[in-house]
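Working notes, beginning with the structure itself.
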């Protein structure tokens, strides 16, 4: 939908500032009461969902005859974590700030108001099918010698979609290998697309390049269909969220169930196919990746408009599904952590739908270093406040950003991918 | 024509006096304000006359000192600071204009005393908020316009309480009504026709003159009447006491009791003041004091309104539990004084005979200020310590600690009982103690007399804007000049 | 209103290019709609035979401009000649086929005549006396209709957009010669060398009826050898998607796509081509598309009529075999 | 208007360039408001010339002085809700106080020192950990306590216990429009702290506000102390997922809906309930408002309205009452006297649980955290114009005289399609200070997407009616009311000019006062 | 040597078809979900220029000239990152494709070139990615009074001349043209190089001039001869793919009379 299609939503923002905080029912302390990384960093109301809606409205109504660098910053210096979407409903049930912000980005891109770093990501993506512009042919290098099935040659039960980050950031290759080992406990045939895998397109969409996203989504859908897989498993929350939310909401379906590795593992534990031999005496806290949690909630394509239901009473016709992030993947990782002997889980103040973002998403890591780092730092402080020894998460983007931030800020907190703990508990090396 | 004759024209000959004996009564008081004899005393009988007097003062450059309570006076605010002042004695305006049970409100003129008001309120099942055993001629308006603390802190939401609406003649001669009386209906009667009762404490919007005027020693205008919030007269009530060797644990407990609203009257006094309140001669006072613990928490438990007895019973039971938590026992009797005796002699009572502060030595000098409740004991200790070092014995210092505004502040009153001939020699200690307490964080919210010079140099911007405000409401400066920060430099 | 002048382009063999007959047919439609005459113009050196071959094609007149300097296309000589001819006969329209030659020539003439030009037209519309030139814009994603102010109105016609003119049964067109003055010294552009390769067959991609194209899936330049064999067998031209051209596996001039040739052959065989937007934009006008790709999920199958999911190295020999067997 | 370059430079030097913006996009986001008080112009208001983010009292002071020097106006806003937060003059430097969001609970003294952007919700969370509860304005926990206490109005459901915000400030730190810093009460006494806001001598709090504040006209309040009230029992906790959360049970908490058929008996009950001093929360609202809180979409709301079940339960509006006792004895007494009075006055008590979990959660979250009131006030159209008379006096006056007047005004407007038909009676009211006074306000919803929408007119109409009938004082009605009581407005304007010699403060009220010729 | 490369921005032609929303009311294409991009044809021209610069890094300066209703600085950055030295953008109302023809575009560019100053060589792409007209280069040369060569696949200048390889049917011809001149570059010139991270960063510091129509001394867009009358969607044939084996291919095509 174009920006102007969100006129009703943009013009009904209450300006109540709820989009900046976690729901006031749930605030546990002043220190961790904010939930929007943007407003926390930049302070101008413009950098909140409400501010962005007003900016979108001004543009849609032709009140602005120019685009400025500041406006671009307002629109793009946001991790698209979706926290505002969860909060916003307090005073108005008709608003969808994250959709408005997505439309705003797409509009800016259409207008050529592009963040240069994003443009180069997209250029690389178009050339090499990954967000780093790395040579496509190396995409499957991590799997060398693992004997995984190639979906272009044979049909598989499970397609492991690795995603750009894990494919090209070799620090994660060991995690991938562990994941493969764990997945093989299932007895199912697991395949990969190897060098022919391409980006899910989620980053492109959230950077505002909807056309590019559609191209990748179409390719992805074709690839999954051709593989014959019943399940697509991913270790990357970004990919997971893209498949769960963005694909359906843009009319793309995957002919397979999309499963995050934590859900896959959790299921293996339930089935008794995965047993833990080792005790891991570790106190941990778990970070909900936004795109696994609130933005991992299944999306729905809505085609309708706001109509007058009665005098002064307008509403979406047909009813627009209300998305509050509650149906994201929250329990599987927690179930796993609780199943691992010795691991003690302490929750942070902001969890589940109200998780504070890691700072890597929505094109921020690529273009807005300060925000990526400060946002991660805030989360690390919150994790430290729980007294846990380690921060566990389930997304390579979060991990990357946490690790880099920890490197520069210092601190004794350890960062784990949940797969590492599972593998260790299984008795792996 | 002279001022006297012009005033006589306005309010009648009999209401204007320049009788030296009369004037002498207003020339000094039990404070260090010094002595200045006024030129005239006028006694207006209604708001219109007040207005006429003020207008005349503007015309003739007279200085007006409004006074509504009778002697003895302790604050120096009614002693003129300049020569030739005209005392506006309002003590004759004794109308209780309205009492309304449903809305728990009464309207009174400046001359109405607590005793007079309560007598009338009793008939309606209401009570007024009493300061601690006021003198019998203490004006209700006089107390409240100077933010005098009252003894039921749970009803003290604001230092301005319990005043709701009021009518003033401003220093420039205009009339202003505040709070629920402000309008928009013109007359009080019109307001009442639609259910109004001059009940709102706030003025409509943007500013609130009543708040400005309170504590100003009459510098902005003269109050013609106020409406004041009243509370239900308890159907059942009992006074309990708890004793201690120092005030701190009592204050701590008192704050908890206030939190739970278990008590109506609630304050801490030392044994001397407790005795002064009940006994009339120095001997009897000392005799009682002997029997008392050094510090006493006084708490009145009341049951009001629907199911008053149930309310009373639960409070008494809860009070016992709560007191236990502080290691205190709340007893209905202390030093031979029963709660019922205390109730009948002190609670909602005016001091009979000689004012209780003059009973011990014939004169008294007060140091009082505000502090957070938990710091009150510290200031008391500091003051007593200084007195001790100066050879002023502790057994001549009465203490009264009264919380207000929901326990955020505590009025800390130190009464130095001195003989009339000792007042001059006491002055240095008085000033040193005040200064030391001030430096230590004691807040002199009503900096009368010499305290003004101590406090206002620290409040330069405040004083500047206070003077600017005065220039708006009293452009010619006719109202009680020379007081507080309103001194001519 | 002046006549409709249709420029007839000759091949290297001095024969009329088939695509020019499509331009002639477009010219005829305009002439009929405007009620004016159609004049065919043949330019070159030694072009009598070609002019003669045009006499059956319903032009009212055939103009011949013959000059030694027009033997090969030279931008300046051709432009000067056409400019002068137009100034002489004052045509209402000047239409020509869109070819490598007119891509250069048409804008030069437009500039010389200060006339409006619409290039790459695929259709015409006539609306209350106005001729609208229809052409794809935004790389084929949108169609646009243009009108041209002033005279002559210039247009180039995209191959395969109009039915080629058919020779008529009745009258033969008159041939008229028109004198051209050209001076070799008047040219700033000097032709230093002309290099021709074998693969062109004298036939451009745009005009070929069958095109066999290869993509990244061929794996290297050697794959194109098989394609050439197939093209030869089918009598078609060889094309390519962009990656092989960028990778240097084949000459970039055979690129089919929105930045290369935009073609509409009768049969298009895409081998090892995944089907990017860039490529599809250049060939989706083909009547029949055959796709050979080893990946079942390749987008090219979405726009193909026939699909073979297999490696080209297996498919093409079998295909050639099949073609030869039942010949 | 664009800000003069020298002024912008000066602001950048004073506050840091990252905290100053006159970017057109930023400006637009600060000129939008479609919540409370959507005015005649729709949701777009005046564009400020510049937006700044001061980080301290000193920075505020510098900014104010710069505005004075460059003949600019300024207005500060905190979380920025309601139209009053916006600029009303074209040459206005808008101060977003977002960087000043500190709050400090001074535990032994029972007050909180709060900066402008600290919210009531945050304050409450920190206060409850220490056995206190702040006053929460009805607007909701997102509202700034400081803004409401100094510049706006500030009643709410808890007012029966915690009073309203005019009555709660202690010491105040205040940058006057002249650029001087004024510190009230105990603040300037060495080592004293923030425990008192009146005096020394006269209370200059009186030039800060009345029942409502000056809405920006007084300069910038940078820090104030607010007194806290006791909270019995464990901190309120809530879990779960939106929109309906699960509150943890309060051991001695009691929440009920009550409705009366007879308005006189209702008033009798309110007086008597107030006198028992048991209530911690009281709020009247209508069936329509309850539906707004319960509905998850406009269509859902519309269905509810069609079914009309809640209208059958609460044809005359309903009250939510809540108390939280310290002891079982107190609880038992409270329940007993509560039920006794309701029964005696013919009221009906409904346990919200009987209307379903969401209804219970709405009740308890309203009662404790003022959470859903805002939603009821704003939905379903997205905006609300509180309709006067907005009477603010005795229970009798508000509940008997004012309510009916307002309903008659609303009927007129609904008939003309200028506002949404919410069932006419959509008044919210709350008791203050054990029922000593009462506040009533009427929700009037409208949607700018409706061509007939004209919410502003009803305010003026309401003012007129209030003045005509002598109801009041009607807060916010002063510009109109000044004509009647001119001495009040005249002095107010004089005070304004005294603290703001260069007319630098941008206030809707001051502007209105000027227009009224006061 | 000063090379000016004219580059146009147009909605990314590689976006999906439905991204080209046709506003029939205003006869305008509104891109949906796709960014403007440097015209791919003009990227070929820039690549040709960069190859000239490769040969003589010190002496060859490349200025990119980009005109349009709205020029995206970010998109232009790509040209600078790839190796252009500076950029000039000319923006103004009325400069959208729908309102321009080749003559007016050439006129605008000619004015801009005059303002830029002396040049040795101008390179343009074969055609724009929006109007696909393919005339502007030659018209621009005409207006500037310099010779032009089109369909260049290789451009090799020396001090006084430029040797251009021009694509012809079945081969190419080498043309020698005196400087200054203009070459219209074909796609055969090759794909624009992909800038490395370092070059992308450096590009941000390269000079970019932003000229309004007023700065150009032009009040309105120049006269035009070709007028856009309407826009509509192309009709596309829907195809249903029939999957067969390689061995069957010849037979099936024959049966269906395709061959």
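As written, the chains take the letters A, B, C, D and E, and residue 1 is the first residue of each chain.
We adopt the following convention: contacts are C-beta pairs under 8 Å (C-beta built on N, C-alpha and C of every residue); 3 or more make two chains touch, one makes a residue touch a chain.
Keep in mind that what you see is a predicted model, and the values were worked out from it rather than measured.
> Work out which chains are contact partners of both subunit A and subunit D.
Touches both subunit A and subunit D: nothing.
> Imagine the assembly minus subunit A, everything else where it sits, and name the touching groups.
Leave subunit A aside; others group as B, D | C, E.
> Name the chain whose C-alpha centroid is most distant from the C-alpha centroid of subunit E.
Checked the centroid distances; the maximum from subunit E is B.
> If you average the CA coordinates per chain, which chain's centre is most distant from that of subunit C?
When every chain centre is compared against subunit C, the largest gap points to B.
> Count the C-beta pairs in contact for C-E and for A-E, then report the pair with the higher count.
C-E
> What whole-Å value do you get for the distance between subunit B and subunit C if each is reduced to the mean of its CA atoms?
Comparing mean C-alpha positions, subunit C is 106 Å from subunit B.
> Between subunit C and subunit D, what distance separates the C-alpha centroids? Give it in angstrom.
Those two chain centres are 75 Å apart.
> I'd like to verify one number: the distance from the centre of subunit A to the centre of subunit B, where each centre is the average of its C-alpha atoms, in whole angstrom.
Centres of subunit A and subunit B (C-alpha means) sit 65 Å apart.
> If you average the Cα atoms of subunit D and of subunit E to get two centres, how far apart are those centres in Å?
Measuring from centre to centre gives 60 Å for this pair.
> Would you pick out the residues of subunit D that each touch at least 2 other chains?
none
> Hey, what residues on subunit E touch two or more of the other chains?
Each of 11, 14-16, 19 in subunit E touches at least two other chains.
> Of all the residues in subunit C, which ones touch at least 2 other chains?
Correct list: 277.
> Touching pairs of chains, which are they?
A-C, A-D, A-E, B-D, C-E
> So in the complex, the part of subunit D that touches subunit B is made up of which residues?
Interface residues on subunit D, with respect to subunit B: 108-111, 131, 163, 166-167, 170, 176, 180-186, 188-193, 195-196, 198-214, 217, 227, 229-230, 232, 271-272, 275-277, 326-327, 329-330, 332-333, 336-337, 340-341, 344, 392-398, 400-401, 433, 436-437, 466-467, 469-478, 481, 484-485, 487-488, 491-492, 494-496, 498-499, 509.
> Applying the document's contact rule, which stretches of subunit E touch subunit C when the two form their complex?
It is residues 10-11, 13-17, 19-20, 22, 29, 40-41, 44, 97, 101-103, 126-127, 129-135, 137-139, 142, 147-151, 153, 163, 167-178, 186-191, 224-234, 236, 239-254, 258-259 of subunit E that touch subunit C.
> Would you tell me which residues of subunit E are touching subunit A in their complex?
Residue list for subunit E touching subunit A: 9, 11-12, 14-16, 19, 30-36, 70-75, 77-78, 81, 194-195, 200, 203-204.
> Mind listing the subunit A positions that touch subunit C in their complex?
Residue positions touching the partner: 152, 196, 215, 218-219, 222-226.
> What residues of subunit C sit close enough to touch subunit A in their complex?
By the definition above, subunit C touches subunit A via 277, 294-299.
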